[in-house]
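Next come two complexes, and both contain chain A; in the first it sits with chain B, in the second with chain C.
And then the complex of A and B:
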């Protein structure tokens, strides 16, 4: 090979090593640039990483006045690395001194676990963490965890529900509004609940349940014009921060997820149907003297009336025979049509999980239709019934109950169930019910309440049980300019002076609730002449005076 | 030869060592040790190692062994370089074969062999040997064009590549292939060979994807690192969470969830804890070794020294580049260590051998010797 060719080869090879060096350096430079870009987007990535590690976020739930119902609070989990524990007995003793709720046998068992890291306790407060921290124990450490905290504890526990350790809504509004609560950038969810009214309702409900020795009770307070749920209570209640087990009876939301045969609180609808269809008139008189049979079965009366009565009396004196006659005139098909318009043919669309499906009875035979006329042979949730009552607030138009805060100016979906005339006539009859009928214990001097009592014998296997009842009172106030619907029901009250009927056990409590919340609704204090409102009303007035 | 003469010879050789490469090497080892200290407690907690600094202590032993190896090798003559590599090849190839038969399986591949309580990854020792022997064969062809250099090189490389592929260790296979292609390039092979190599590489990758589930999983994870939440996704988070200045030594948190933080993802850990200082500093050091080393090969005028040094530098820097590229999510995940920095005795020893041989081949007096000889 010639020297020239060799030189040429050498030159080529030399330039190739430089080229290789360039390629390698270019590659490394590109990687450096990539690392640089990654480092610069560090802020955003850090945020994401943080979110995935601990800072699970969830919007607060606030009431209509901005008071916090549910929020996130930092809590700490107590963890241990058994391998680093010096003395198990000593460590356990010190921990129990600082945190008495720890159980010694369980604690010691965990401290000798073969696992690398064990959880000893979750949900410690910062103060509890500090107490343990100051013990300076080896092998003990803390993991920060965001936890749902309900500052109002027992108040509105059912409607709030719960979000688990992973901060995913499990029940109540926490589940119903889960998507909104988890949406990025949302820091609070404004609900229709008014904490003051929630408190009044819960206190009075608890009092009524206690006085009547009932299994429990429930209450719903609606702004009938907007459908907003101002208060929704179920008794017995629990501390939302320590929810009972999923199968516990305490968790039962009697206002939403249970369905009841409502009894006479359904009668206003039967009368409104009859008026609306023109199959009965206010001038007409009905023979409601027992006995009265439908398909060979006697329709029973709690308080038999004598002589012919008009529609007003059928409602205010709560005549089953009258309601049955009217229901038969309405007929099965039209009865169903009205129930559908009233939202009683399907589960109430409130934003809570487990809203109960109604049960509209076994068949559409004449007897069933007649019985439905006074609220039996069909069952529904209390909140659904409260929604139906908005027909009497809005001159025949129905609004569906909602827990979302209504922003002024936003449209409200209403649909007509009855003519304004029919609805207003029935509202007037309901006022008579309070003034002179079965609901007199709901009479207040300063606020005109219209209402209807209900005392439904519970249907158990085989038939109706005369001793076990659902006693309720549905109120609309103020009667002269109707706006609010309050429905209160007691589950199996025991007879107290005068009985266990809705008029005796539920109506007075409903009136007390109205008295308590009236000032917040701009309906006045009622300082003089408290009617039947009772002790708590006087106290409320007295404080202000 | 008297002792004095020997010492004097050693001194001459030591004086001839390329200082800038020694500095870069020392820096890399120091960085690796600091990172091992930081990663150690986490790794100890994650695996069943006892003792918080056990990992760092093991790393220190590996560094010591590597340091001695590097120092000794950097002083040998080019002729000795070949002998050492023949020896490594003759020891390493049977060991690699033995791995297939007796080796332990780690994360879906058999790569390790256990001898007297020490785990050894023979491929780490074989790589520099294959490179040097290939350089030898290619350089023979430069001197005597009728020598079947390419065939001889293939004879040496193919068994190793075949065994690596069978393990299967596609990372090492790809690394060695790329290095050999780079050497062919340095040796003046026709350019269309490079194009062919690229095509074959692509086809080989496709075949691996089609045949091996763990390759497929990693490639799919690469395509969608964030969604898959795989190793690369976590590495990216780790790097990003370090930002510009880093979280500080030992302050990395995501490395707790990052697999092999101390080995295959040490770059990510470095970037998280030290920020740009190391995420740019490390590529800079390897880049310097590439640039300075390859420039020096130009003055090594025996074709063997030039090709062997060039090949070893390519091997060393390509491995670093692949490691970084995996860490920043630029190529699919491969179990590749960062030479001299990552935790791992075999890798450390292999890197030390590679760099020791580079230093030996690029010694000033070797270059002169070559010129004079």
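And then the complex of A and C:
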């Protein structure tokens, strides 16, 4: 070998070792940089991963005593990566053993999907997740989700409404209070609802609907001093955890979203207007003997009276003719002014979506004004009418219904509709209605109820249908120290015990509701109700069950 | 020679700083991991509390209480007649 060749081989050998060293050095440098980066950023990445857990939040809804009405329950979605499934038949069989509600054909179709990941089941409980987890199936995993859960199921379903899988309120309080429920840092929303009273109202309403074979019914219970809605029911109801479709009749909130001609439950307002304006007096007598015509149309009388009667009899015996005469004395303009003061010219401002707009009739002609005097030719929601009745609780002042819990010390917005004297006189007449008038079936031995019956024929194209009615009863109790308003209505009841009027089908049920909730309110036992509205609105007096 | 010692000292200090930084970072990482674990535990406990509260609400349901009161105590809702 020549010297030149030896030198060339030596140079090549040196060059190879240098190149190897260079490559190793570059590799080590890359590893060092990566190690340095991981050392500095590794923790932050873990933190970001942890922070992504439970990003979806929504406050609980609780009743006035802290009982949970709606909460966020942790649930799991079962997912699969079809490419990683070992045996479709075996996997499907094992999953169905753990989760019998899975359908095999659908499950197997999903397990052979061409997609990277497929959802097999949503809304699994932690126990169900554990059962599947213990199977140790390849390609099966879980995604943590949060879902709205309503522990009371059917109870207060219309009031609560629902929230979607994105946890955005869709109906009821879920929508009405959506912003508050999604506000950061808020873990619960305290409402005015009392679950015990809600139950009593719903049970008695359902019983009344069943006994009368009615299409449905609705009820509203207010603390008339604060406007707090203690219970609000619509029948038929549904399980809030499995709400029917948006177009289903079951979702109809008959207390808030529907408007009805209320009939004679409007008469107390007509009499209060007449007294307030001085166009009628308690000493005056009225000729209410049929026939009586307004603009050539006869005012029909459900309870014809003989001889002249006073205002007390007009209300307690429910005279349409008497109410029509008083309404004509009040006149259209002043009638509208009072309706506005009572909150009956606009939709009730309760915190629920879809509050029905009232319809105050086609015109302000004499006939319409007279008919409005006894609750026809105008329609409104039940909750709006219940709000108007607070005028007789607060000596003429009206408070708007609300689902917010009244906090002691907070002011209550009231505005005057009638003088205290006018309101108290009408309240006394309403007591006579229960003692000796059309509302005698609401009479109780230990609790004094003042009330008014209502039986409104439904208006159809072409006139009023004598066979289809809305029968209702409005109660204020205890009459000697008025505090609570209860309004109960049945939609198209069939005759029971000789009639389908409010006095026959609604008044007894209202009395049963009052009897059932009296212990919670401390009534009939020497108690004084929920406590002074300005001091302690939350503490229930009387017997705690 | 002086330059050699200066370079050696600088290299040593750099090495010491690197070790100190690594240790501090490792400890911070360990603490962060513990915080993350505790936060996860808190979230888990909160979720369990929510489930228990919901179960409690189901058990407190007026319909259930009434059913049990009827069955075991022979009680009934109050009724009143004139």
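We take it that the second predicted complex is superposed on the first by the 470 of 545 C-alpha atoms of A that agree within 3 Å, B and C clash if a C-alpha of one lies under 4 Å from a C-alpha of the other, contacts with A are read in each partner's own complex, and residues count from 1 in each chain.
To be clear about the criterion, a contact is a pair of C-beta atoms (placed from the backbone, for glycine too) under 8 Å apart; a residue touches a chain by one contact, two chains touch by 3 or more.
Only a predicted model underlies this, so the values are computations on that prediction, with no experimental measurement involved.
**Student:** Applying the touch criterion given at the start, work out whether A:104 contacts chain B, chain C, both or neither, answering first, second, both or neither.
**Tutor:** In the superposed model, A:104 contacts neither chain B nor chain C.
**Student:** In the overlaid three-chain picture, which partner chain does A:16 touch, first (chain B) or second (chain C), both, or neither?
**Tutor:** First partner only.
**Student:** Examine A:116 and indicate which partner it touches, taking first as chain B and second as chain C; both and neither are also allowed.
**Tutor:** Once the two structures are laid over each other on A, A:116 reaches chain B alone.
**Student:** Applying the touch criterion given at the start, work out whether A:445 contacts chain B, chain C, both or neither, answering first, second, both or neither.
**Tutor:** In the superposed model, A:445 contacts chain C only, not chain B.
**Student:** Quick check for you: in the superposed arrangement, does A:29 touch first (chain B), second (chain C), both or neither?
**Tutor:** A:29 sits against chain B, while chain C stays out of touch.
**Student:** Which partner does A:242 reach: the first (chain B), the second (chain C), both, or neither?
**Tutor:** After superposing on A, A:242 lies clear of both chain B and chain C.
**Student:** By the touch definition above, which chain A residues appear in both interfaces, chain B in one complex and chain C in the other?
**Tutor:** Touching chain B in the first complex and chain C in the second, residues 39-40, 42-43, 46, 53 of chain A appear in both lists.
**Student:** Which residues of chain C touch chain A in the complex?
**Tutor:** Result: residues 22, 25-26, 28-29, 32-33, 36, 39-40, 43, 47, 50-51, 53-58, 60-63, 65-66, 77-82 of chain C touch chain A.
**Student:** Spell out the residues on chain A that touch chain C in their complex, using ranges where they run on.
**Tutor:** Residues 39-40, 42-43, 46-47, 50, 53-54, 60, 67-69, 71-74, 126, 149, 151-153, 155, 195-196, 198-200, 443-447, 511-512, 515-516, 518-519, 524, 545.
**Student:** Could you list, by residue number, the parts of chain B that touch chain A in their complex?
**Tutor:** So the residues of chain B in touch with chain A come to 45, 142, 145, 182, 185-188, 236-237, 239-244, 253-254, 271, 275-276, 279-280, 283-284, 286-287, 290-291, 293-295, 297-298, 303, 306, 310, 314, 317-318, 320-321, 324-325, 328-330.
**Student:** Under the definition above, what is the set of chain A residues touching chain B in their complex?
**Tutor:** 1, 9, 12-14, 16-21, 24-25, 27-32, 34-36, 38-46, 48-49, 53, 116
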